[in-house]
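In order of appearance the chains are A, B, C and D, and numbering begins at 1 in each one.
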């Protein structure tokens, strides 16, 4: 077990590194503007034109950050792992590594439909891989014994938050490209709702089994 | 607790990785000059033109390095953490990831006002997030019991050093863009002064409580 | 031994970081297209032209991911290491760091022969370094005592999978550049076959020695 | 002490990450050639023109790799550290982060004198910072007690190898730019010679003290 713990540590370590690189690489897609003169008005104008890039950097930073936090939270519930998590984890990391491209594509034309579809589609794929990863990782023998079962269910259910929000954003991209990203603001709300529903569901089931 | 320690380790690990990537990415904004001939004079001239970029690389390397050292010092005082540190830490990391852009913007026109405002503004924001992070992280139950309380106060107070210096540099950018960065040289002095004042304040309070 | 374990940990850590950076840097070779208009057809066309780059990103991500997983699996069998692994490991990492270039070269002209030779040649070199690394690392005193000897042989034999498949892809590049990469799909099959053959070989030898 | 060990671990961890990023970023300075036709001859020609970049990538990869290995070896002798190592370590990391630029500058015109001076000058500076770092780190109370004193002296002396070789390469750059890099091949020899001399020196001194 101490051996598996150290192998699990190395897996989380590698995942952390990919998350960290993807989140930091976002900035290299924000290019320093070339200006014709250095007076203030020219620069404020140039920075305003960078607005979508800067906003894209911030949104993607927060989204990848939130995905990392979920990874951190869920893997913190484990003391062992199944080799079956390796590939779903790798595919989750692949969608993270794709984020700098998807972000730059979206920021290059913030009102175009296709880039928005690619962006929310990437998040949707990431969300589904994350969902799959967590549902495999959170199986009985691998969860720490001091974690109450309803917390495991809550953790599993809350991973529906990102896929739900990004599916909505994906649909929204057809109708209101650019504005659809506001639907991502639902993520914090959705994960809380799903987690609460999962916890309630688990407690009800435990009560039914106890009865 | 051993579980929380390992979760805390993973948090510092992820933070270290973002610091390390941001600090190393600084160099990719320094572009190899295209020269028309390869004689020495041409090259020395080309390198002289790179001067602001090279200086910007060095200044930002030292500033990010100093921020990492503070992070290292403060988290070294903890044996546990509150989930409340997650977001302030993430915002601190976001301002670190922004540094390669802010540095390249400043170096592209070292005497323009707006880039200097962006640069010192980024440091100011980073300093305030760091300040917020440390004041949450250094709360009673999470600090190691062998750390004297006056050292905790000193650590909390010294985190005013960076925001103070970068607020001064921000104001200075209005009047003497470029030269204002010399105010960042105050950081080592300011952190020492704040730390000493915090330590004195804590000891005086302890004495008053003891009396 | 506890000292060597920590030195081994730092070696795997450094290796993980290089793997993680190489795998994430793949995306910066996929460039956001410049489009003349933002309607859907223009964008779908532009993304279709990016097809080879996106495919190259995915293939190389999976290949580097698989190489990391092997590294993770093999080093998980060790509790100590010989300084002799340092250079073969460094050369393996060098071929990993080369992958973003080899991938971008291949994707720039997916039907040209030379880029395909460079790409499968890089994988061949990586496979041979990995093979050499594992055969040094998996020597008797460094393997954990609870690992059955036939598993050590299986781990050693399975590392022939990548060199075999990439040698085939290298030859195929002469005749059907571009299509030759389908031969890389053999990797999962080949590693399984080699592992099974190695296990059988080891068990037969153990039986012979027991007799 | 267990606390300091964990702080030391985080320091080596951060250093490892910077080494790993600098070594992997080397490749992004090797640019995919634009070719007018995709026949073999055109491509071989284009790759031949990339020769200096590819060679620069390999040389710098090996040099940074060797510097990392020294760091790994020396920090493996420690069980504690002095805060005084922080800044010399940071300056060593700064010179590592500078390597992708120095390498790209050198590769852009492999026979020009100034780029060669910058490259070997960077190595010289890195070597001197490394030397300073190791001489501070390897002081009495921080070295593990099971390390024989002559090995500590050997580790301290061997860190003269890189500065010596790069000082020679720096001088050589004046006379034979490009060819001077062959002097870096002396590094493995020099570190061995210095280490042997240091070991002998320490043993002689021990004998004298014992007498």
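Methods note: a contact is a pair of C-beta atoms (placed from the backbone, for glycine too) under 8 Å apart; a residue touches a chain by one contact, two chains touch by 3 or more.
Note that this is a predicted model, so its numbers are computed, not measured.
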item: Fitting chain A to chain C on CA atoms, where both chains share a sequence, rotation angle to nearest 5 degrees; value: 90
item: Type of chain C:chain D copy interface by residue overlap (half), same or different; value: different
item: Inter-chain centre distance, chain C versus chain D - centres from mean C-alpha coordinates, in Å; value: 27
item: Geometric centre distance via CA averages, chain D-chain A, whole Å; value: 38
item: Junction residues of chain A - those touching two or more other chains; value: 13, 17, 21, 25, 28
item: Which pairs of chains touch, using the document's own definition; value: A-B, A-C, B-D, C-D
item: Sites on chain B touched by chain A in the complex; value: 3, 6-7, 10-11, 13-14, 17-18, 21-22, 25, 28-29, 86, 90, 93-94, 97-98, 100-101, 104-105, 108-109, 111-115, 118
item: Touch list for chain A against partner chain B, complex; value: 12-13, 16-17, 19-21, 23-28, 30, 32-33, 35, 38-40, 43-44, 47, 57-58, 61-62, 65, 68-69, 72, 75-76, 144, 146
